[in-house]
Every structure is written in C-alpha cells, then in structure tokens.
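These are the structures in question, set out in turn.
One chain, chain A, links the two complexes that follow: it is found with chain B in the first and with chain C in the second.
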Partner chain A sequence: MAKPKGKSLQQRYKYPLPIHPIDYLPSVILHNPVSWVYWAYCFWKATNIPSKRVHIEFEGGVNFPHIVVQDKDDMKYLWKNGFFGTGQLSRSEPTWLERQEGASKERSNDLALEKITERRRIQRLEFKKERVKLEKQLLDLRRNGGNIEQENALLVQEREMLRMFKQRQQEEGLGDNNSVVEESMIEGTAVDHEYVDIESLELMSVEATFLSFALPILDISPKVLLSRLFGPSNDITYGDIHKFITHYVTYHHYRSLGWCVRSGIKFGCDYLLYKRGPPFQHAEFCIMVLDHDKSKDYTWYSSISRVIGGAKKTCVLCYVERLLPEDQIVEYWRTDNFIKLFGSYRVGEVIYKRWIPGKNRD
Partner chain B sequence: MDPCSSDGDDRLYLEELVEKSLIHLQLWKDVVVEDKLVVWKGVPVRLLTGCPPHVLSHDEKPADGIGREYILPVNMTQYKEEQVTLAFLDIVFSELCAKDTKRIILAIVNTDGTVVFYFVYNGVHKPKRN
Partner chain C sequence: MTEQLENEVFSQDGTIADSDVEEDELVQDWSQIAKIAKSNGALTIPKRGEKDYEPDGTDVQELLLYKARKELFDTLANSVRGSTVKAQVKALYVADRHGAVVPHARGNFLQTMGKVDFSDGQVWLSFYEFVYLSERGTVTPYWGGQSVAGENNDSLLPLSIEDLYILFKTQHELDNFAVYAHLRRLGFIVNPVSPSDTSFYPNCPSAPRTGVTSIYRAITSMFFLRKNSLFNNIFYKQWHYCFCKYTRTPQIYEKLKLLVPSISVPKTIEDLKGFYGSQQDYAEGQLTLTFNVWKPQTNFKKKHPPLPDYQVVVYNKNQRGAHFPTFDELQNIFRHLDYKFQFLSEVADDEFSWDDHSYIVGKPRSDVIASERKSKDKKDPKTPAKNPSAKKSKKRQLPPHIQQLQRLRNGYSSFLLAVIDNGIISFVRISQADFASENVWYVPPKDGLRKKPFNDRKKRAN
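Right after this comes the complex of A and B.
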C-alpha cells in the first residue's frame, strides 16, 4: 500500500471521535488576574456539544432497513471523525464522486483505495500468468524425458525468474498500470462533464446507536432509532433484541477503549479493530461476538481462524455475558433505560490462534 | 410482485443497491434486472444480469470472451437465516437461468453499506488455483 505523508494524515484525522475536546480557551497570563477571570468565563461558557446534528434517513422496506446519511458534509464529517459508516459505492470512505472526477481528468497520482486495490489485482494476475508460463516449460521437459538434474536446474531458474518478476513489479510500483484502470473508469453519470453525486454513507445499526446513545451526534433519539429498527417496544421479546444487544455492547466496549471498530464482513467476522483507522494501517484484530454460555463445534473455530489467519490478522473471540434476567432487560428496553440496559452485560475476550509446532518455537 | 407490500420494498431496494454497486463500483456494463420471478419461502426473487469489465477468474480462458453473468441478490440477514439452501439454488438455476448455466454470482448485501460477491457453481467445479 502506498504511504501518504504521515503528518498530513495525523492532521486530517485529528479526532478519534466526532466529539472534540475544548481546545480553544484563551491563554492565562499569571500576573494578570483579568486573564484568569476571562479564562474562567470562557471555560464556563465553552461547550463541545455539536452545534448541528447529523440527519439520517431510513431506506428500503421495514424488514431490512438501511440507515443512510445523504448530506455531503455530514458524510465527510462522520468519516473524518472516527471513520463511521461506509460509502455505498466505495470500499469504505465515500470517494465515488472524487473517483469520477479524477478519472475524467486522468489524474495518475490519484491514490483512492479502489484504484490501489485494482492495480494490485492486475499485478497479481500478471504474476500468475507468468507462473503458468514457466510451469508449462517444466511440464514439457518432463514429457520429453528430462532427467532430475535438468529438472532441478529449471526449477531453480524458474524460482529466480519469478522472484525477479515480482521485484520488477514492486519497483514499477503503482505507477504503471494506469491506462487499464482509467479507461474502464471513464464512464459515469456525467452531465456536461459535471458529476452528480449519487453516493450515500450507510451506517450499521450499532454505529447509529453509538452516535445517538453514547454521543449526541445524530438527530434521532435512541428510543426512536431502536423502535424503528426493532418495532414498538411493547411487542419486544428478549429473543428479538439479544443479538443486537450483544453486538452493540461489544462495539461500545472497543470504541470506548479507543479502537476504531468497523464491519468485518469481508473477513467473515463481526468486527475489525483498527488502532487508529483504515488510512493509517491495516486492521490488526478480527472480532467474533459470542454468547458466553454457548459453544460451537470445532470446525467453526477452525474455519474462521483459517480465513482470518490467511489475512494475517488475529482472531479474537469476544464473549458477552448477561448479568440480569431476561425480563429485567426487556423492562429496561421498554422504559428506555438504555444506560442500565447496556451496562448489564460483561465482555471478556480470548485470542484464538492456530499453533504450528515447526513455526511457533518462540 | 406487489410493489406496495413491505417485502416488495425490501426487494426493490436490494436490487437497486446491487445494481448501483455493479455499475458504479465494480464498473459492469448493461446491468438489468430480469423479469422472471420465483417465490421462495414467501420472498419473491429476481436475478440481475450484466457484463463484467474483465474476465472474473484467471482460470477462464479469455478466448471465450466475457459472457453475461447472473447475479442473485440476498440480504445478509436472510443469508444468515439460511434462506439460501441447496433447494433454493436449484430452483434459481432451473427457473431463472438459461439452460446449462454453469454459475451464478451471489451478491450478499450487508447493512454496513457493502455488497460481497461469491461464485456459486451448478455442480462440482474444479477449484481455482490461488
């Protein structure tokens, strides 16, 4: 992955959450008591409650509602302050419009994530083609009755050539395959070369709940949001909300510990944990949310751990335990006592790792 | 399908999302929602078809040209509730696809704004070399 300048990233994504510390207080001059008073006045008057709430819409039918943000600035704001939501037409950050504009201007130094991925895929494809070519040589040699020494010599030669090929690709870097990508990207919804943005930012239900219950960011109360997602609270049974609560509790748990939590759908797990966020580094941990009193069969653990291991991440099994009886929880839900409700769960985690005797000596 | 029912709303939105994603993110061409419809466990199902911008799997020979692909959109929740069973896929292959269709693409729509795509082959298929 190409590394944009570290410092500008730090500045661009200064805040880990959409709520900011009060950092605009005047300086205090020790020998000037008036400045103390002024400082105290500013401190008393200061607030970090956002002046404007983010508006969300519900799209789709009642069974599978999608929570979306359509305002351009709000989309940017949520992404920049804690990486909330995903652009529906992008890999994560909503960049569809920029990509369209970039493609029509044929900017070659564009580092949109989608382009990097595309280029990497093309490189990998070329590598595979090369490998097939070399393997065919070996097969021909075997067919023509070549001896072991000839075979070994060819194998060594092949390995060397593939290594060189890969190195060459890396040196060429991300610069060379532009033409392939650009051409295919030029078609878009162009109206006189002005693009109309058709992308919205979609929030997971846990993200929306976090931004409404834990932080005052969305223009919807937790009560209204949850009744829109799960129906009127009078008809709720514990079974309807159990899964959501365990997932929310886990999400809240890691967010409050300072992690950037995003959906893990691409790796077959519930959440991904980023130390700071997707532009900074790859996610380190994959979270699987589980009930503390239930166990799955071994193949389940084995298969998810293989998928996660293949992506060079660590698999964390996150066990959520309910501390109060079910009807108490439902009662809290009905009376909108969400602080007590989400506080009635405990989270514990275990790292699951495949152990290979030959490789894991230390 | 009755567009006024709530199931219809969900279905239309699902199709629209997958269509948008194919055209504007995956850069496919000629994407259309097909008319043919089957009802499975009370849920109406339609396929989308379209042409990908390049050969989808490097095991295929480019000589065959880029063919039209069938895309089956499902919601993640439905997928997890095991709506996608072998019997269901069998009906999709026999009722919604042309005869001798080798594969369809399962488009799973998550509620986090992503669509993930998986190949589903009709019958045994030689695994792709990684």
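Right after this comes the complex of A and C.
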C-alpha cells in the first residue's frame, strides 16, 4: 500500500505553498536563438500569482467570526498547496463528500485518513477483547487450583497467541476488517441519491492573515480582514491585538522556514509542526507561544509537557519579544503598516523536556 | 515499602498505553535479592514477574503477595548494617567551616568526595557530603566543636541524623541537599558549581569586553531590522509579482523568512565564547546554576575533574517569590553554562578531545594531566593513546535529514532544572533551540531530475 501511495502523494502535494513557482518554462537550446526569444516571451508572460483569488466568507457572530471557504475547488486548492484550513465535517482535509460517496458506492482504494484511524481502532478493540478472553482462562486455572508451573506455561502460551493474533490482524490489513467498517457506515444512509456538498473549509485567523498579507491568495486585503476580526482600527488598544500578533509572528516564523503549521489544540498546545504535511509524517514538534517576560506556574509547564511527551513529540516554548513600545505598534496597526508591525517582534525558542536520571547514566 | 509492593501487585492502570510507565523508577523484585543476599551467588539483575492488575479473589494471588512481602522483610532483616569499630570512619562537624573533618580518612567515597586542606593536611567533607555519607552510614557523625580543636577521641559528642538536619542554615540549602543526595544515590558525581572549576573557557569573562560586545550587538540588530524592512516593503506588495518571478519555491521562502527576526543560538566554540563573555550577574532572587553533575565513572579525577556532563539549577516551586524562569532569565542561565557541550562533539571531527577544550586555571586539562602523570610515573605511556581509537569506531554517519531532525530535537546548550515540590524532585532539561537555522521546506523535484531515483532503483535491482 505504501509505495504507490507515496508516489501519488508526491504528485498530489507537489507545491508546499499556494504560490507556485514558474516551473513550466520551455527549454533553451543554445544554438537556436528562436528558442531564446520564445523562452524570454514565456518568462515575460508567466506570473506567480494564481489566476483566481480564493473567496472567503465570514460566518458566525460579530464577537468571533469564522473565516470560511465554500467553493469546492478553492477548498481543495488550499489543502493541496500547503495544508491550510480544516474541513468542518472532517478531521482535517475536507473529505466529507468523498467519504459519503465512497461509502454509498464501492469503497475506494484511496482511503481517507478518518477511515484508516477507524480501522486501527477496531483492530485494537478486537485485540483487547482477545486479551481479556485469555486472562479469563488464567483466572479459571487459578480458581481450579493450578500450580505456578501450569500458570507460567499458560502465560507463555497466551503471549504467543496474542502475538499471532496481532500478526494476523496486520496481514489482513485491508481485508475483512475494512468491510466491517464500511458496512457499519452504510447502514442508515440511502444508497442511490446524490449528495450535496455541505462542507466548507474553515481557516484559522492566522492562516487567513498569512494568505492575505504574506501571499496574495485570498480576495481580501489584510486591512479589511483584520478590521473584520478585531473591529475598526481606530478604537484598537494594544491589549486587543497582542495575542493575535504574537501568534501570527510565530506562525509566520515557522511557515517561512518550510514547516507546515497547524493548530495544536488536540495536544493542548498552540501549534503543531509537520515536516511536509499531515499525510506524510506525524507532527514532530508542539509549539507553545509565550511572552518573553512572563512566567507561569510550574504545573502548567509540567502538564503540557506530559501531554506532548505522551504523544512522542517535542515541546518547544516559543518566546515572542516586542522590540518597540506599545504605542508604536498600535500606530502601525492603524496605518496598516503590517510589515513593520510584524517585523518588530523577535522570536526565541527553548526546548522543554522531562529528564529522567536513571535513563541518562550511560 | 509494603505499600510500594502492593502497588506493584495491584497496579491499576496497566491497560492504558502511557509511554511514561516504562520511564518510572523500576521497583525491584525482592525475592531474587533475598536469594542473592543469602547465597552470595552470581549477581544478576532481578527480573520483574507478571503483573496482576486487581484482586481476583483467589488464594493463589494472596499467597503470591504474602510471599513477596515476606521476602522483602527477610531481605531487610538479614542485611548487614552498621560498621565494626575498626572500620568506622569518624567525621567531625566544625561549625565555623560548616563542614566536617575526617581525621582518619579511608574508603571508596574518597574517590569523588572530600578535599585535602593543605594548611592542616586533613581531609574535609563539605556539608552536603557530610550529611549524605552519614545518612548512608559510611561515616559516623560527631560534633567537632565550634572551630578546629585538638582531637580528643574519648569525649566526642555523637550526632544523630535529626541533629544533622538542624544544622542546615536555610531552606535553600535543604533543597539543594535534597537534589544532591538524590543524584548521588543514583550514582552521579555531584559537586557545587564554583569559580575554580575546570572550565570550557580559557579565561574568565571580563567586564569591559561585555560592554563592547553588547553595543556591537545593539548596532548590528538595528541594522538588521532596517535592512529587512527594505526588502519586505517590496515583497509584501502584490504588484511586485509583475516583475519578480520565482522559478523555485525556496526563493519565495527566502523572502518570507526575512520578516520575523529570531534569536540565534551559539553553535560553535567561537560562538560559545562570545556568548559566555556577554553574561551578566544574576539578579536578586534569580535561579542560578547550583551543581555540576558527572555521569557515573570509575576513574574520576577529584583534583582535576573533567568538564561536567550536566549543570543543575535547583528550583523550589513552593518557595515564596520564586517563579519559573522567564525567557530573559533562562538566557542568562544559558550564558553562564560551562560544561561539556554535547552538541559540539556530535558535529566535531574525530580528533576532537574534550581534554584539549577544558581548562584548569587557564591551562588545557590534557597538559595538566600529562605533566602530572609524568611526575608520578613513567611506566604507563600507552593508556592515553588507546582512547581516541575507541571513540572513532563509535561514530556513525546518519543521513542529513535525520541529523537535522536530531539537531532540532536536542537543541544546543542545555541545563537541568531540578524542580522540588514538597520533597518530590523532578528534572527538566531545558535547551536552546534554533529553528531559524534549519530550512525544512520541500523542494519539488524538477521534471528533468525525476528520472534519477528511478535509475538508482534499477541498479539496485540488478
């Protein structure tokens, strides 16, 4: 499964950013001046800006508007080129429609992430059931007065059986278990009608800002976007925008280094860093955005690091420092000087990791 | 102890896949130990038995529990304790020096502990060492008077462990001792940080130089901000795409990277020297580096120790006024670090030796040790030559993207923060990270280049 899929993934997610490089120029033949002219013409004609801007809508109340993309192609485009946004009815990639159609027709080869997870969970559940069964055997033996040797023999046998069971599960893989999942999903849904796509892609406010301010992708200017999010710039105080600015600065920092940055709420942190994107690898790092001159109670650090450590990720404390006075920042915000605004913050990083003496003795 | 054992047998959470379960301290199986203690047989590492998660109401389980408990008590009851009069080592606490003198010093502990005072030729234990060794029963504590008095063995006043705890002067000292004893018990070699230690830096940071470097830094950072905003002003305007054409994604990334400045981190020896030179004195009430810690080792040179493997900051979370360090405070601790910077030896070439890079009062440690060895004996010239060859074989080259990941995961300089909460000690490793120095963006393969891996695969198949 892994090999062919890996190749198609490479093709599918070829571009890490929604701005594509000009990589379709004709080749230049040295002894043919016509090709030079043609190349120059193509180069002159080419542009990095996508032909169509992505349209966004604001949903929800005034207090916290949701930034939403509804066009189907736009949703796909944003996901494929840098993994922006989250499908409202999916885990991350907006696959609701495909999943519905796939479930009602035949199961497609291209498994959605949600299904893979579901299959894994079912497998694990079956494994646990099996284990309980075997443990019961042991208890019966004890009740009936078996001796230690018998018990040990049974334990060895048990362990072997569990190992076999697990192996069998892995070999079956796509086979039987999968169909169980599919059938359970089909139940209750009608097979023969058309689905209307009701899913839309929701963007985090930092993502929308990145796509509007840093890259010209959205059909909204950063000024309008931020005034929709935070109200008219004339009655802004520094306290209103501080959190957003530090989070955006962090987001931009990691995006610009090539990380795929997504929300880290599932691990109790601010951001997750994926090396290329969620379909390729698990996230390596969890980012917590902090003010450089503040400190929290130790319990706070301890709890997030335990959660993150439990998911085998590395906890990074990202401290953001303001280099200019508050008035200056507010002034920049009012005059829409976002370049200077975001540029006047500095980022410093520290890795926080539990250290166990017994494991570091060599 | 019994409680611990019961936990072992009736542990509740075995089904939850918690990665930390394995990391917690191992509880030993006493049945094996009891056997070993009695028969004095070959020493093996005791193994843990199968775990029962809850009482199942059978006699078998009750019996197992009873047996385990009995073996534990047997072990405790049968172990030899105390010392014979002949082997007893007395340590006399002297109040003025807040330490203890050992008149007839002998024992293994002298390998890593104690210091000879050359004015009186006596072995002195620091207060932490004194309490720790007394608790272990290695030395027997006595009251030695206010100042060093003549030794009249008959009228010495013995001290109990409770007495020793009265002698602690501050809560802070007690906290430090808790960390000291904890690490010691686990086999580490621990000493307080002092200015006379072996240092990574040939000379101490001097005050005037710090002023110059900080000014220099301020100017360069200003320049950095200016320069960036110039580039940025163009990039973030949309019309610039009309005449700026990017043929590769990294070009766009490089432009995006210019917006947010980040704090860079020392990565080379030169960087570290500059960074160390820029240190400031700790502010009032700030956490400071307290202990140097070495991994357990057999030939530890007490007089000229190698660079420590770790440095520890002790932080009592319940102490009033203490807080988890802010970023600036962390940075200042990083500036004071003076230990075996592990990340240096990972990138360095084979000839890199820590002894050439550690200095004892300005002299390289390798020279000091060599000259000492010469004066001591000339029989053993082979041993120093052996070490580097052993190191070479250890090193293996990993592919660059994995090396990069390791650099990101491990960070650069680091220290240990020992957090104390009502006597419970937990450790945190805090290290400097520098994501800005590593680009991880994906470069899409050009059409012409895509054939290459394909060919490679073919070759391998043949």
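Rule of thumb we're sticking to: the second predicted complex is superposed on the first by the 298 of 362 C-alpha atoms of A that agree within 3 Å, B and C clash if a C-alpha of one lies under 4 Å from a C-alpha of the other, contacts with A are read in each partner's own complex, and residues count from 1 in each chain.
By definition in this document, contacts are C-beta pairs under 8 Å (C-beta built on N, C-alpha and C of every residue); 3 or more make two chains touch, one makes a residue touch a chain.
These numbers were taken from a predicted model, which means no experiment stands behind them.
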In the overlay, work out which of chain B or chain C sits against more residues of chain A. C
Once chain A of both complexes is superposed, is A:G87 in touch with chain B (first), chain C (second), both, or neither? first
Which holds for A:F342: it touches chain B only (first), chain C only (second), both, or neither? second
Which superposed partner A:V28 touches (first chain B, second chain C, both, neither): neither
Kindly classify A:F213 by the partners it touches after superposition: chain B alone (first), chain C alone (second), both, or neither? second
Which partner does A:Y319 reach: the first (chain B), the second (chain C), both, or neither? second
For A:E284, decide between first (touching chain B), second (touching chain C), both and neither. second
Between chain B (first) and chain C (second), which does A:H66 come into contact with in this model arrangement: first, second, both, or neither? first
On chain A, the residue positions that both chain B and chain C contact, one per complex: 128
Write out the stretch or stretches of chain C touching chain A in their complex. 15, 18-20, 23, 25-26, 50, 56, 58, 60-61, 182-183, 186-188, 225, 228-229, 232-233, 236, 238, 241-242, 244-249, 251-253, 256-257, 259-263, 295-296, 310, 315, 317, 323-328, 330-331, 405, 408-411, 414, 416, 419, 421, 426-436, 438-442, 444, 446-447
Please give the residue numbers of chain A that touch chain C in the complex, ascending. 14-17, 19, 21-23, 25, 43, 46-49, 128, 139, 142-143, 146, 151, 155, 213-214, 216, 249, 252-259, 275-276, 284-285, 290, 292-298, 301-302, 305-306, 309-310, 312, 314, 316, 319, 321, 323, 338-340, 342-362
Can you list the residues on chain B that touch chain A in the complex? 6-11, 13-14, 17, 20-21, 24-25, 27, 53-54, 58, 75-78, 110-114, 116, 129
If we count contacts the way the header does, which residues on chain A are in touch with chain B in the complex? 59-64, 66-67, 85-90, 96, 114, 125, 128-129, 184-185, 187-189, 198-199, 201-205, 207, 262-263, 265-266
